[in-house]
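Input: structures, listed below.
The following pair of complexes shares a single chain, chain A, combined with chain B in the former and chain C in the latter.
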Partner chain A sequence: MTAQTAGPETLGHLSDEPPPVDPNSKKAEAITGKSPLRIAFGRLARDKIAVVCAAVVLFFVLVAIFAGVICSIFNVDTETVLATTRVNMLNGGLPKEGPPLHGFDPAHPFGVAPNTGNDNLAFWVYGCRTSLLIASIATLFASVLGVILGLLAGFLGGPVDKVISFFTDFFLTVPFLLAALTLAPIVAERFSTSPNYPRIQLIDLIVVLSMFGWMGIARLIRGEVLSLREREFIQAARVLGMPTSRILVKELLPNLVAPIVVSVSLMLPAFVAAEAGLAYLGIGVTSGISWGQTINTASNFFETYPLFLWEPLIGIVALVLALNLLGDAIRDALDPKTRR
Partner chain B sequence: MFAYVVKRLIAGVVVVFMVSVAVFLLFWYGPNEPARPLCDRQTSNHCDTVRLARYTENLGYNNPVYSEYGKFIKGVFVGRDIKIGTKERPCPAPCFGYSYRTTVPVWGEMKDRLPATFSVAIGGATLYLLFGIPIGVAAARRRGTVADKALVSSFLVLSSIPYYLFALLTWLYLTVIFEIPLLSNTGYHPITDNPAKWFSGMLLAWIVLGIFGCTQYTRYSRGAMIEALSEDYIRTAKAKGLPQRTVVYKHGLRAALVPIVTIFGIDFGVLLAGTIFTERIFDIQGIGFWSLQAVGAKDLPVVEATALFSAVVLVVANLLVDIIYSVLDPRVRLS
Partner chain C sequence: MRRNKPLAVLAGAALFGLAACGGSGSNGNDPGGPGRTFSGADAIAKDPQRTAPAADVDGATAGGTITVYLPGDPGPDSLDPTEGWSVTGNSIQQALTSRSLTQYARDPKTGSMVLVPDLATDLGSHNDDYTEWTFTLRDDAKWQDGSTITPEQVAWGITRSMDSDTFPGGPGTEYSQTYFKDAGKYKGPYTDKGKTWDGVSVDGQDITIKMAKPFPDMDYWGAFMAMGPAPLGKASDPPDYGQKIMSNGPYLVESFRPNEELVLVKNDQWDPNSDPARHQYADKWIFKFNQDTAKVDQIMLSDNTESQTALSTRLGSNNYQRANTELGDRLFQQSAQCTSFLSPDYTKITDINVRKALAYAYPYEDMWLATGEVPGVTRVPANSIMPPGMAGKKEFFADGDQFKYDPEKSKALLKEAGYEPGQYKISMIYYEADPLAVAGQKQLVKGFQEAGFTVVNGGYPVQDSPYNIWLNPDDPLNKKLNLRGVNWCSDWPSGLTMIPPLTKTGAAYNTAQFSEPAIDEKMNSITSLPQDQQADAWGALDEEIETKYFPIIPTAFRNDLFVFGSKIGNGVGDGALGAPDYKDLFVVQ
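After this line comes the complex of A and B, so read on.
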């Protein structure tokens, strides 16, 4: 845009339409119909920060998927060993070989944990898997629940809307951290003797995360639907006698892709952070492997063995930061009003 | 106005009632043997079936749930007696039961811990505003400059880092590694005993909370300020020759503050309800840390009481925000 002409005295270009092009030029051929999502994707691919962030996220996803393969390549595992074979108990439980007292140890590229002698690399890649697994399943559940409730509340209106809106507000009032905190001892009391306890804990965590994650997206979708349902194409569908379920899925849902994508891409990092945070407090994954748990242990050894803390910390920060910035970039790319 | 307040008040009471029922049912039906944590503790892990049955009977778990809920609510308002072990113990109002760990009334312990949480919340929230709004206003006035862009993007990165990691790293570096004299002695010391010690124990928690929280306020106030400064009345104010300072602060900021007050009220409520991470990391014995310790020890009455407490605080905060909002902004229709 030419900034000089857009001063207060002249109005500048009144329309944003591009100047007419010569129909025979190369440029004219390139102009073809593109769906809004294609356009957004093109913008995203040109955004350098977004590309870097997507690469970082992809790296973590691959680590999570191929955790077993990575462990076997480096010949490490998560099995607990007799601690004294790897750590020196007389020396505050610090490892015999590798950091922090000695140099790089090829048998354990990330070092071993003090006191327990667990391999850090194996715990890191499986921690990544736990983190992404919980976050993505919870995101899936929360967004499906939020979209369904938002659609129903916005489209049906009346008492349905009132009830759903009340519960949305109700759940927004209850702080998520406290709910997780309240549920943790009950689940522990009920199932701690069960052989499936680790799995139950995982499910409990996913349920709590999704139960307190759906409200934002439900509100957003409800608002969008409220304005969309008065539009002509919905009225046309109604006149044609389309059943409500079909209107919701075939007519409304495709128009809501952009807000859903944005919400989902910002929900994922929040859940990754929440999972690790709960594990750090000792109320999330306690009987499995999690970055948050390692951070909790490692903060006691920070003075003598900072690397032990930095490994999971960098994992969380890099993943959450990349996901957040990617989410912001997606939002900007999907928003036609963003200034470029 | 009066009708609106009454209506909101009733809605708030309904929400508190629902939360109390939900929490009570959760602790009633949730655990397999709700009396076991207490029984284990009192008999030093020699809780056999006979003893467990006695504890279950004494704690009222054999009675119908509604009558026990009634007793619980009655206890909150007028107090009641609770039988633990063999003794009947008085529990004056507001009674939330006896702590399984310390066998003292929950409310008594909570009263001791409230000042710590309030200190964290008030200090942190003050810094939210003290850092956030001036930086946001300054950025809005310099919109589009390099400084503004650098500020916005660095705050975006900072707010993308999980809060607890930021707090943990700050704590580790400032108190464990470098041992900065004024900051390294974190923890809560009653203000009435030694105000200087109280201040230095809280200072780091406030700063960390303030810096992290102010990123949000900078963003809000920057956005609200940009919007306000582009209004017609700002141009009018400039045109009639008012000094820049008056235009920005008196005409612009006043309009921009309305949405910020709303968000601030709710954030302050969340802080008062328990700053779990902050208290855990900086070792401050407040409500949040207490509930965390209670979870570890399966001290169910304490967890129940803290959950109820924070629900009440949040409902009250929401209520106040709505009322203040309707006072500040006459365009809000009260219906």
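After this line comes the complex of A and C, so read on.
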């Protein structure tokens, strides 16, 4: 096993190659004591794309968190209304007021859905909440699971490594989409009479997403640990008699922050897209509100009422794109070797 | 008869039906295209004298391939004539591959359907009390292999229809096993192996069918392909026969993949001089099942070369406006002799006021809109069990006036029954796999809620056709329900095919579990009445059931929309089946 030439702990040295400065100057004071992460953060802040993407992500996060407030500001809600009160039944179920046939309707800034008369803004805002909620919880579970298993497999080695690696490979061989398509109806069938059905569906989706999302990070961490555990500082810790748990948490984990942050930032958009994709396929949160479901309905109206389709579509594209670019930027910032 | 998969019964599902030509009026100033309104059905006439060959359709030319798109319709699983009891399967097979005793022909002048002979030389003769029917068969009809269709083979086909266990989804379960001799005792040739049945006998070219009770509608029942021939012996053993049937109509099966595709090609053994109603214009038919509505709508609206010789059996409501303006006559509106119902469980919701309250609590137009129907065109409010156009149907109103969504009235009725708003709980299911059904359910829950009912959990989602739950008495979920539904279409224009299957004690589709011995008795006695009084008697019984007991709530009468390609000639509908008139279509050369 060869050690990496530049591990994360050496990031600070290889980084920006600051010009030699007088150790007594003010500048030197600012440089000294900077952790690798702070340096990376500094690079991020200078990356214009990263800043814009972060702003976009922040916007969606705020929308998700303050969904209720936003709805009450615009005086809209997700309550079902009787369709005839808002849509014109003689006109293919298109709205009586607002787009696509009439001008802007201040009562429903995003218009209302054809056929059902649901308020598009409210559904958009709460759809954003669903997307981010599912994606972030699934990311949390998947990464915690992946990190723990990766750490254990890499550090303990031997039979533990074999077993964990087997399960990692096993889950990688199971096609995610097929498993999701099979599991969703089983869960739905089992809990269809439960009053908590929508919540169970949500949990089911999070479980499915995290169950098939942890393998990548587990493999990555295992590989990193394999190289790190032969390094001097780990050997030293062992010689000093540090318990294994302490070595894992205090010595190894801090050195793994960079790969974890990178994979989490790339896992989030993948889950957002997966959630929308599953909802589009008719599984996932069918009884709740989701962008994917709106897209599914709206795709039938792409000619007669394009706005209805564009709203959730732009939401998803903007969020996934921003998260992805941000993830890339974070990776670039943390890894000096791939700097542009 | 019910549609193959009436997925969203409480929501929108295409059904099927009966006669009448589309109303494409010419008030051309309307920017929304020609005005369409709901059209009722025409009565079906009978013409026992009709002889072969069938009159040519005006301007018909031979050749070409016709592609039929069936959006959202899985089609039949089996082509076995004895098994066929769906609008899709029967309309295709009865027109193109499988002959029976009688059949329907479209009158090109009036657009109404006429019952004419098929394999029989007339519409059959009967004794005075309709307990014995005799059909004389023609001797020039042939199978696809060139052999002649013998009376024994027809008798064998009829005997097969007695087997309810082998063909649980077949129409014989309702008719053969009710009216034919030894109904209930003789279980059919496959289940009761070795037993002989003397319900049908052959004498020369004559076939005589004996009845257990008077059956005046045998000539209509003879138009079902189940009342047609089957090869003797092992050759017609189910289930294999259903995948590879022997054709005797103008087309034979080239390939059949259930739920996907059926390809029919010309059968050169079929002789036009042996058939009073069928034609053999196109060279080939391709039926594409389970198509995506949005995709098919685009194909049909594009009018490209591929779609010019195609037709579609459904149109999405979101494209209705555009299709109505652009397509003109090519958008054909076919009335369906169908009624949709809500079925409150008669054993659980015992108070008639609560059932009436439900009728006022159901948000009719909102439901239709949310489930993608066009209110006033493909759906109109219903007042009776029997659909419009059926002989004997009465214009009565169970509660004085047409039921409309009226939450106040519903609350008042609930109060009368002793329930405060929100106190009465409704348990029902909905089909979760269809987003339209989910949208419809939300409308229904909202409507019920405003009208003083509470829907437990907002309805239980199911992943399967609701019928699989409703029709299974042992299903634990079904036992919980107190509100179900059913969509029903007549098998022929008689109250006999609507009222008993829905309201007789223990009938399969009696999802309300309605049971009143007095009504059962009346149903039994109507078939013994002189034939000219029967239609009115059914109408009167319909009114009596609905005003006195109100066991099932009629929510809608239905019309279907078909789209024909620009090169399809004579693009019209078959009013007897509520399907495109496959017998008379051709490709304009």
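The rule is simple: the second predicted complex is superposed on the first by the 307 of 340 C-alpha atoms of A that agree within 3 Å, B and C clash if a C-alpha of one lies under 4 Å from a C-alpha of the other, contacts with A are read in each partner's own complex, and residues count from 1 in each chain.
We take it that contacts are C-beta pairs under 8 Å (C-beta built on N, C-alpha and C of every residue); 3 or more make two chains touch, one makes a residue touch a chain.
Fair warning: this is a prediction, and the values are worked out from it, not measured in the lab.
**Q** Please tell me, clash or fit, for chain B and chain C sharing chain A in the overlay.
**A** Because the two structures are overlaid on the shared chain, the partners are seen to clash.
**Q** With the two structures laid over each other on chain A, which partner does A:G282 touch: chain B (first), chain C (second), both, or neither?
**A** both
**Q** After the superposition on A, what does A:S299 contact: first (chain B), second (chain C), both or neither?
**A** both
**Q** With the two complexes superposed on chain A, say which partner A:T173 touches: chain B (first), chain C (second), both, or neither.
**A** Once the two structures are laid over each other on A, A:T173 reaches chain B alone.
**Q** According to the stated criteria, A:A55 is in contact with first (chain B), second (chain C), both, or neither; which is it?
**A** neither
**Q** Contacts for A:N91 in the overlay, against chain B (first) and chain C (second): which applies, first, second, both or neither?
**A** After superposing on A, A:N91 lies in contact with chain C but is clear of chain B.
**Q** If we overlay the two complexes on their shared chain A, which of chain B and chain C does A:A188 touch? Say first, second, both or neither.
**A** A:A188 contacts both chain B and chain C.
**Q** For A:Y197, select first, second, both or neither according to whether it touches chain B, chain C, the two together, or no partner.
**A** A:Y197 sits against chain C, while chain B stays out of touch.
**Q** Given the touch rule stated above, what does A:A83 touch, chain B (first), chain C (second), both, or neither?
**A** The second partner, chain C, only.
**Q** Going by the overlay, flag which of 25-33, 43-51 or 61-69 in chain B ends up clashing with chain C.
**A** For chain B, the clashing option is 43-51.
**Q** By the touch definition above, which chain A residues appear in both interfaces, chain B in one complex and chain C in the other?
**A** 185, 188-189, 282, 299, 303
**Q** Show me the residue ranges of chain B that touch chain A in the complex, using the header's touch definition.
**A** For this pair, the touching residues of chain B are 15, 18-19, 23, 26-27, 30-34, 36-37, 156-157, 160-162, 164-165, 168-169, 172, 176-177, 270, 273-274, 276-277, 280, 291-292, 294-296, 298, 300, 303-304, 306-307, 310-311, 314-315, 318.
**Q** Over in the complex, which chain A residues touch chain C? Could you list them?
**A** It comes out as residues 79-84, 87, 89-93, 114-116, 185, 188-189, 192-195, 197, 282, 286-287, 293, 296-297, 299-301, 303-305.
**Q** Please give the residue numbers of chain A that touch chain B in the complex, ascending.
**A** Where chain A meets chain B, its residues are 170, 173-175, 177-179, 181-190, 269, 273, 276-277, 280-283, 295, 299, 302-303, 309, 313, 316-317, 320-321, 324-325, 328.
**Q** Under the definition above, what is the set of chain C residues touching chain A in their complex?
**A** Residues of chain C touching chain A: 32, 293-294, 316-322, 363, 365-372, 374-376, 405, 432-433, 435, 438-439, 442-443, 445-447, 450, 457-458, 460-463, 477, 480.
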